[in-house]
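Just so it is clear, A, B and C label the chains in written order, and each chain counts residues from 1 on its own.
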Amino acid sequence: MGAAIGRNQDATDRSSDRSLRIEHLHKEYRAGEPVLRDVSLTVEGRGLTAIIGPSGTGKSTLVRCINRLVEPTSGEILFRGQDMVRLSGRELRAARRRIGMIFQEYNLVERLSVIENVLCGRLGYVPVWRAWLRRFPDADIERAFELLDAVGLGDLATQRADQLSGGQRQRVGIARALMQEPDLLLADEPTSSLDPKTSVEIMELIARRASASSIPALVNIHNVELARRYADRIIGMSKGSIVFDGPPQALEDSHLLAIYGGEGWLE
Amino acid sequence: MTATSAGGPRQWHRFSLTERIMRSAFYLMALIAIVWSLRSIEIIPEFLYDAPQQTFDLFARMWPIDWAWYPKVVHAALLETLHIATLGTVLAVLIASLVALLVARNITRSAVLNGIGRFILVATRSVHAVVWALFFVAVFGPGALAGTFAIAVHSIGFTGKFLSEAIEEVKSGPIEALTAAGAPPLAILLKGYWPQVKPAFLAIAMFRWDINVRESAVLGLVGGGGLGMALDTAMSNLYWDQAGLVLFVIFAIVIVVEIVTAWIRGRII
Amino acid sequence: MSDTSLSARPQRLAFPPNWPARIGLTALALYVLYASTVVDITWARFLTGLEQGSRFLSRMFPPNTAADKLALLYTGMSESLQIAIIATAVGVLLSLPLGLAAARNLAPAPLAWASRGLIVAFRTFHPVIVAILFVKAVGFGALAGMLALVVASLGFLSKLIAEAVEEMSMKQVEAVRATGASFLAVVIMAVLPQVMARFIGFSAYQLDSNLRNSALVGLVGGGGIGATLFTAFQRFDYDFVLTIVLAIIGIVMVGEIVSGFMRRLFQ
């Protein structure tokens, strides 16, 4: 009985641990021209949240503020009980390793092999000398191979990253992010550099893996159809503010008009 | 790179066994070489303790710099150095182009000629400009003529090597097209190879000129003319303030040349 | 199309003259003529020189291989070799941190500018001049020569490393940073793979350069074969001069083979 209570406690702790609460996030790259205006947002539990909106509306900035690749001008980003904005040094690194990120242009280290790229996901956890001598623990190597199998690249482990196609590279990027055993998955336009068929495969992979690991995924995407198909929740942004927040079924043309403006692109 | 997927946990090694052996062997040899060198090198401790004081003494004697000496001797020496550097580079580039054509395997097929060209390049490059200057001073007498030839001959090595590499890296497409059209060899050279080699050619020439200014400044120490001779005179007479002036001028001209080459590179390449 | 418009149209040239290039070349040619007169390069002097030169060459052959001379050669060359080896090793080791510190995209601005200033100072003066200064500071002998070559190596290698780092892709660095890796780990896994190939090439070149320069610093008291060479010239021992020069060429050629081997092993 005590054990059951304990396990419940664990479950709630874990889910609250994984919640992301953004409060009044404000970002100006140039003074007087805010890119993010007072954005507040909570992401909880499992599920894929898609952020849609036209270019320049702050989607990418929002996602990158979460792991501090971009410095917010003001606001709070609460993750695992800590305000990301206030962290620095070792604490920031410790927080970052719990957030896996997938990039639009894959951002793999081209000259390293596929498996070395995946193992980069462990850099937040292992001492530096292991990176230098490439002597990662056996458990890490085994897990890297498992992840590569899971993303369908099992026999390409020793290929150099620059010999892969775009879709394959993005799979490596996903494996790298998952290698961190993160509590949150961020993706900044993961399909923008891929052809339509590969885009679907990648979104499928992200949705499935996030769900399998029971972690929330926050995906910045400009393809509305893909968002509708894979997201459990859609957030629409326009000019730095959130103008829509709801399930894909609730997304109507009027909302899309508010987000993207102009009727031209609606069929 | 190996990855074994036998029964147990999968392994990954960054380097294959042979690669690891070779790398370890190299590290070992390098270590042996370094240890041998360290043990054999003579370091007299008293000199080491003295060092800060000696350095301070040196700089104290250089200050204040004898600016008055500039118009008398140093200015002419500076110009002479620049002439030596420029003429030497021009001469070197001309000769090096010919040697580079000899060495480039896609232009000269004969291995013997390649070898001869390569030997010329290695020989001219291994012997430092100062040593060439010693030789040419003995032949031509002290002065800028010896210096110019010293710079020219020494530069052939580098310029030729880089030029030959640039020629060998030329894309075969345009060459094939010209050959197929029946163009004579000289035309292929001018219109097929030259346009592709030109950016590298200019970059190499500029780079070499930059280095040659530095080298020319030193040749005078053995009689090759230019600022080196002024420096030598000042040091022999122990006029450290004059020596300081020459060093300052060398510093200034090197900076100016760097800026000029960067500007030209920005405009042309 | 009427006739008048055809003749009225200005002639279109297929190969318009490249005026900047033409002007540049003419200026250069004029300069060469001018400078030759200033430097007193006349045909007469050149011919006399050729005559002298051939007399020299005959005095140089055959190279002197007397036992005492060879002993001198051996001591001198070994010392030069030792100077070159240590200077290259120290230079290669120190140039990496200095080069990274001078990269404006990696190091904070004040550090980058200070490092660049240091590198410029190291590069300005010829190793021979630096050797003169070190001889004054630490006395005659191999130490002065070695320090002079370390300075030269640092000046050359650090500059090239800094340039290579500034040209690298920051996206790869960003991705590794996002995994929570420490600065050192980011350098090892994202920066070094991008610049290592070129660094190896530069180091090989520097070894070659140091082998050549080590034969030189002896001229001003820095130890090695330089002093022996200078003495031979002054004593008109031209056949010994040839022996020394051949030995230097030989060492440089061996150095080239070692460099080539090193390049193939590590790139």
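Here is the rule we go by: contacts are C-beta pairs under 8 Å (C-beta built on N, C-alpha and C of every residue); 3 or more make two chains touch, one makes a residue touch a chain.
Since the model is a prediction, treat every value here as computed from it, not as a measurement.
Engineer: Hopping along touching chains only, can you work out the least number of steps from subunit A to subunit B?
Structural biologist: Steps on the shortest route: 1.
Engineer: Count the C-beta pairs in contact for A-C and for B-C, then report the pair with the higher count.
Structural biologist: B-C is joined by more C-beta pairs in contact.
Engineer: So which chain is the furthest away from subunit B, centre to centre on CA atoms?
Structural biologist: Chain A.
Engineer: Measuring from the mean C-alpha position of subunit A to the mean C-alpha position of subunit B, what distance in angstrom results?
Structural biologist: Each chain's C-alpha centroid was found; their separation is 50 Å.
Engineer: Find the geometric centre of each of subunit A and subunit C from their Cα atoms only, then give the gap between the two centres in Å, rounded to an integer.
Structural biologist: Centres of subunit A and subunit C (C-alpha means) sit 48 Å apart.
Engineer: What's the distance between the Cα centroids of subunit B and subunit C, rounded to whole Å?
Structural biologist: One centre to the other, that is 4 Å.
Engineer: When you check subunit B against every other chain, which residues touch at least two of them?
Structural biologist: none
Engineer: Which positions in subunit C are in touch with at least two other chains?
Structural biologist: Residue numbers touching two or more other chains: none in subunit C.
Engineer: Scan subunit A for residues touching two or more other chains and write them down.
Structural biologist: In subunit A, 116 touch at least two other chains.
Engineer: Where on subunit B is subunit C touching in the complex?
Structural biologist: My answer: residues 19, 22-23, 26, 30, 33-34, 36-38, 40-44, 47-48, 50-51, 54-55, 58, 79-80, 83-84, 86-87, 90, 122-123, 125-128, 130-131, 134-136, 138-140, 143-145, 148, 214-215, 217-218, 221-222, 225, 231, 235, 247, 250-251, 254-255.
Engineer: For subunit B, which residues count as touching subunit A in their complex?
Structural biologist: Touch residues, subunit B against subunit A: 1-3, 5, 9-12, 14.
Engineer: Could you please specify the touching residues of subunit A with respect to subunit B in the complex?
Structural biologist: 113, 115-116, 134, 138-139, 141-142, 144-145, 157-158
Engineer: In their complex, what parts of subunit A are in touch with subunit C?
Structural biologist: 67, 69, 93-101, 103, 105, 107-112, 116, 120-125, 128, 131-132, 173, 176, 180
Engineer: Across the complex, what residues on subunit C touch subunit A?
Structural biologist: 169, 171-172, 174-182, 184-186, 188-190, 193-194, 196-197
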